[in-house]
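Chain lettering (A, B, C and D) follows the sequence in which the chains are written, and residue indices restart at 1 in each chain.
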Amino acid sequence: MTNKSAVAEKLENYLEKYQTCRAHTWVLCEPLEQDDYNLQAIAETSPVKWHLAHTTWFFETFILAKLEDNFKPFHPAFHHLFNSYYNGVGKPFIRRNRHLLSRPTVDTVYSYRENVDEKIKNLLKHNSKLSDHQREWLLFRLALGIHHEQQHQELILTDLKYNFFQNPLLPRYQTKAPKINHNITSPALRFIEFPGGKTTIGYEDKGFSFDNEKPHHEISLPPFSLSNRLVLNHEYLAFIEDKGYQKPGLWLADGWESICRSGINKPLYWFQKNHEWYEYTLYGSMPLSMESPVCHISYYEADAYARWAGYRIPTEQEWEFVAKRYSHLIDGSPHSPYHPLPQINGYEINHLFNHCWQWTLSAYLPYPKFKPFIDEVGEYNGKFMCNQMVLRGGSCLTPHDHIRPTYRNFFYPKDRWQMTGIRLAS
Amino acid sequence: MTNKSAVAEKLENYLEKYQTCRAHTWVLCEPLEQDDYNLQAIAETSPVKWHLAHTTWFFETFILAKLEDNFKPFHPAFHHLFNSYYNGVGKPFIRRNRHLLSRPTVDTVYSYRENVDEKIKNLLKHNSKLSDHQREWLLFRLALGIHHEQQHQELILTDLKYNFFQNPLLPRYQTKAPKINHNITSPALRFIEFPGGKTTIGYEDKGFSFDNEKPHHEISLPPFSLSNRLVLNHEYLAFIEDKGYQKPGLWLADGWESICRSGINKPLYWFQKNHEWYEYTLYGSMPLSMESPVCHISYYEADAYARWAGYRIPTEQEWEFVAKRYSHLIDGSPHSPYHPLPQINGYEINHLFNHCWQWTLSAYLPYPKFKPFIDEVGEYNGKFMCNQMVLRGGSCLTPHDHIRPTYRNFFYPKDRWQMTGIRLAS
Amino acid sequence: MTNKSAVAEKLENYLEKYQTCRAHTWVLCEPLEQDDYNLQAIAETSPVKWHLAHTTWFFETFILAKLEDNFKPFHPAFHHLFNSYYNGVGKPFIRRNRHLLSRPTVDTVYSYRENVDEKIKNLLKHNSKLSDHQREWLLFRLALGIHHEQQHQELILTDLKYNFFQNPLLPRYQTKAPKINHNITSPALRFIEFPGGKTTIGYEDKGFSFDNEKPHHEISLPPFSLSNRLVLNHEYLAFIEDKGYQKPGLWLADGWESICRSGINKPLYWFQKNHEWYEYTLYGSMPLSMESPVCHISYYEADAYARWAGYRIPTEQEWEFVAKRYSHLIDGSPHSPYHPLPQINGYEINHLFNHCWQWTLSAYLPYPKFKPFIDEVGEYNGKFMCNQMVLRGGSCLTPHDHIRPTYRNFFYPKDRWQMTGIRLAS
Amino acid sequence: MTNKSAVAEKLENYLEKYQTCRAHTWVLCEPLEQDDYNLQAIAETSPVKWHLAHTTWFFETFILAKLEDNFKPFHPAFHHLFNSYYNGVGKPFIRRNRHLLSRPTVDTVYSYRENVDEKIKNLLKHNSKLSDHQREWLLFRLALGIHHEQQHQELILTDLKYNFFQNPLLPRYQTKAPKINHNITSPALRFIEFPGGKTTIGYEDKGFSFDNEKPHHEISLPPFSLSNRLVLNHEYLAFIEDKGYQKPGLWLADGWESICRSGINKPLYWFQKNHEWYEYTLYGSMPLSMESPVCHISYYEADAYARWAGYRIPTEQEWEFVAKRYSHLIDGSPHSPYHPLPQINGYEINHLFNHCWQWTLSAYLPYPKFKPFIDEVGEYNGKFMCNQMVLRGGSCLTPHDHIRPTYRNFFYPKDRWQMTGIRLAS
């Protein structure tokens, strides 16, 4: 009885972690009407129902199908319908058509979730059949599945926001909006100098991290300085009022072409009514909070703003260098608001974590000697290492487990539906 | 008390007609899951929920808003959201984005329907306040609204079919499929000769008809002959097997370009599995019924097939000439199947009404001295009189009220999601 | 020697006709720089060089290849490069890529022309080897080839105009512009009534006509009236100033969608400079001549203008009915200006022929019992009988041989690069 | 008299350099027919005539307009027509429409070149009016203008090749093709190990270099190894035959999407005839030379090939590290062939310079403390630092002045019309 291996014990304790994560997804869906589960305005913003099923499929495919005796999937077609992009295990359903999957229904998808949860529970409870090697493997896949689901928890909110915004009724995800104190004044913009020098980039602890954060490696960083906070809405408004969107000299060539073709002249969710600025948020439409960090802007906009302001944005190495020195500022509190709010505190540096994802000057490329996760999950990150830029820091919608100095998020320069903001450097 | 005018009495009796129509829409939705109400794969195929709201909006806007004292709409935004194309009364919401309206919810839309039904009922019951002129006006608008809703009843089914088809699960609208007797042999193809001559085209009775069916007018028609039935699936299959889709000489220039660009080489809902042909229907996937009329083909396909077979398709005048002579064949039975089935009967001419819409050689143009409906509803038909072709006869999904020799339906030559078939002429 | 058959003699005399036609094409090219021969801004506007080669290919393919012993083409690849759309004789080169054919050079194409001209001359001179049946066949094909080349003479000018217009230098095809008398006042708009009745439509003489003008057939035409002249620039300007382009109620649904998507708000070649209106013409840029007929407008614009003015455009039958009664007004003079000018004369009806092509309400469809030309040239007209509208009357760029009451031209409703104008009817 | 400053003397000597460069452009155009000057199949491949005018405009705008008293441009419209992308000096003409500029003619453009050459000559001869500061400025701008024209000399050839290839005649730029010895065997693939370590990246000499090569800076490079030659055609053919283009696991996500959408399954200019492979070259079509380096492949293809072969491509730092150690291999010979040929020599490392541009794993980003050229020419390079990848080494079409270890070329990952090949690393 007693001779349980350490990993076997660890595995049992992992069940709670699993269940907490799965339950949180459910909590996020509580405010939804059933009609809301299937919205998809663009290929990038998947329906909530699809997120619910896909994250479940991930556990079913990458754990249950590998370890269960006589494995039978919940439904034979789900392997096709809810595969996102894992070509190694089969051909995924057309991404932009996910909203056309009225079947399976929301109810069936919840049954699917329960079914897989039950099977995972059994697997963990009855892990005595497994070898320690299998247990190690299982522990890793569980951790990956949980982190994967947490990434989708964030996407559920960002995708829903984009999809809701297409509806002139501007639905509210949260009906009770936080009071915004419009009298707050944020700290003045200041630049903190860092000496650079030899430093280590990448994840070197023992916990879970994604393959793209590794291997850690030494680089030497020239001296630089970083702004003490994100760019605020009133500062970005000054850029607009100075006709920043009409001056080609401020823009990257591709950026200029992109804003001209799309007619972009303000952040994604900003709009004007009776000469007043408003912003659509998960709380519905709100008067623009001038002291909040600007968000939902593209890399092109971040780059143009920085040039206009006489600065640049940081590289991901610079950002990580600073973040590692200020990692104590990571907020352990379980709950963030659903929109970045003005911040008042006495910190030397603000908004590093959990406010807005911060565009960096770094293309998303593999670290030297990068090794993708092995087997089918090797498609997780590596194949996106082209045409995208690295973002750091996490937004107020990012699960707290994902806030760490080495975490690399990545989007195309034109993308704006994520909660993306601007940190300046020079 | 007794001095009710004839039109006042007629009006009261109209309530039942109204309620029957509205109830039938509800019946059509009974087989749906709630997830099914919001599907829209292409701009042309609106979500069921939108159809439910739009038909209601039609009564609210074109009747209630005109006659009610202190009219207040059910919801101020619905005027924008559920306007289809009536620019005269405001700017409609973007057509292809209708699937993004998760709000109002299905429940709210059903409340909307009840609310408007109640108000219409009151209006009819308390029509004593109205002048006879107003009553005549009201009678017309009610009839128009009902016929309008009936058109959308057909669209609910054709749109749903198209949208369901995008889902690899191939959902069934009706779970209980009719038994198809694959031993039936349809009558041999035969051509019936008609002398033509002077004849009247258009609607000349007293009942309701659309503006595009009028005014009736004389034309002189050259002699012609018409096939005794529609083209059948096995005949169309012979066209495919003879490489009809690979021979440019059979096709109109625009048709050739269209099938090349879209890679079209069979009717919309046909597919092959293990070398057997199947067809997706509202009953789900079924083995192709060889003796059923071919349907879901474009004008280009109808034209190419006819050329291949050595014939042509009829003009709308020829079709109407024949249909008026065989109008006793209109089937008064309340219920058609949800897919055209093989027909066995001793009729001289078959499939004239209520099997498939039949493409004609006639562009959809105004009749001489055409007058659109007056006021805002003038946009109903006239503004589509360009680039479309006339179809006649109705399909098995068409409400029986709409089956008449003069009825003109119209679609773009490339359209295939309606139940369109081929009648030959020479 | 003397016993030449009538057709043999006719054939010899035909040589001059052929040579005149071919020489005229050359004359049209005289004002060009060599750089101008290969312009193609859109698929529809072929390069001049391609027109020169294609018309030559037509004679080579449809005459020489059929009658010459041991026929050898001038160059084996030209059959592919200069085939326009005759799928029956081979696969044509991609239409929109014609401007990429820098080879053969202009010089080579002129050699090609000379070579084919020489061979045709020989064929005609030495026709004694032919049977009378072959001579008849040859006569028809020659006539067709000449009329074909004449159609391309007009296209050379309309295509060049469109292509030149893309160049900010606004090149002049003709450097010497006609003096426009801006003091001329056109006759007031008046409507001439016609009784209609039984009438014959279509070509019934013995000369050459296209297959689409036949067979002639009787129709009965309701009474109608037709305007005494085309709509003038100042009248069209009033439509613009009354915000005609901003009123959806004036437009066909497809027309509204088309002008919104393309941002169209004036005729194709109009532009404003310092608040004055100008028009690009083959003489270069000129101040807009207010008393000239408006041209280069789409069917949608013609239709919307007519609705705005309280009228409609005529059907092709109405137009032909009138044209046959006024065919003495066809101007036999060899030369028209390259742009429609104000007209002063005492005619009862003006601009019928040779000013602007006049949009009709008639879709381009086959006449009853239409038979395409036989053999390969059957693709000439028939396969375009879908989605296009009939235009009548010819423009000032149309060769005089093509001006006749029965001639049917056809373009898509959206097309504007032809010299298209508006005749009103009611 | 004698007291000429050093810079004044340098300036006078510069005239020859200028004239040599300009004359070479002319030599490159000698084999062209006049028809060839205006070809443009895609936005990226400008017409030769446009290149001729644009390079001239560069000298006129960035030198003459700044230094000439009473400067008058050759033609006022050229400033708009021949500006490529310098928004700072005005709005450029639409890029993809350059082929529509039949005017100015080729002759006029040659006159434009002569006119500017004459003025530059005068400026240099009479530079006594200038201050030394102005002379320094002028020297820099002249050098920039020459290097700019040399870049366009390469583009003239690569663009022409792409444009010629659209013509089924497959025209030859050079009629006399080199004999290819198909019996040559290239050296076996071998990897040379490099220790990495601290190294300097970027240009540190005194001569001309582009802003993007600077500033030079230290980095520390992990150990790596680099292949001794480029990937050869027969090796790439093995990748094709192993169905490399059908295996999604080999491809970046964007790459897979790109080849699927465009139907790409071989290098740009390869084609098959009677089961034999051919390649279109500037010498016309040639049998595929199996021992020549593969070229005209995208970054995606380079990356997929490397993964298939079990390697990766190098970073730009690795490439530069090696190139600096082998810079003696730069071939000083004035003339390269117009297509990469099999190479036989005893070098340890082959194809480093002047064979094919070599894709690197490095996104095109600014070096630390990057400063764009000052004033209007600051738009030269910096604004393209997004979405593109760095290429190194130069191709056989690259002017010799541009072959140096620090030179950074850049294209989008999907681009294939440049002479791009594959160097492996591990």
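Simple rule for what comes next: a contact is a pair of C-beta atoms (placed from the backbone, for glycine too) under 8 Å apart; a residue touches a chain by one contact, two chains touch by 3 or more.
Remember, it's a predicted structure, so these values are computed and weren't measured experimentally.
Chains that count as touching both subunit B and subunit D, per the definition above, are A, C. Distance from subunit D peaks, on a Cα-centroid basis, for B. Averaging Cα coordinates per chain places subunit A and subunit D 39 Å apart. Mean C-alpha position of subunit A lies 60 Å from that of subunit C.
Centroids of subunit C and subunit D (each the mean of its C-alpha atoms) stand 47 Å apart. Contact with two or more other chains is made by no residue of subunit A.
Shown here, the protein chains touch around one cycle, each chain meeting exactly two partners.
Contacts between chains, counted with the stated touch criterion, involve the pairs A-B, A-D, B-C, C-D. Across the complex, subunit A is touched by residues 33-39, 41, 49, 77, 80-81, 93, 97, 99-106, 163-164, 166-169, 171 of subunit B.
Here subunit C touches subunit B in the complex through residues 85, 87-88, 217-220, 222, 248-249, 251-256, 299-300, 303, 361-363, 365-366, 368-369, 379, 383-387, 413, going by the rule given at the top.
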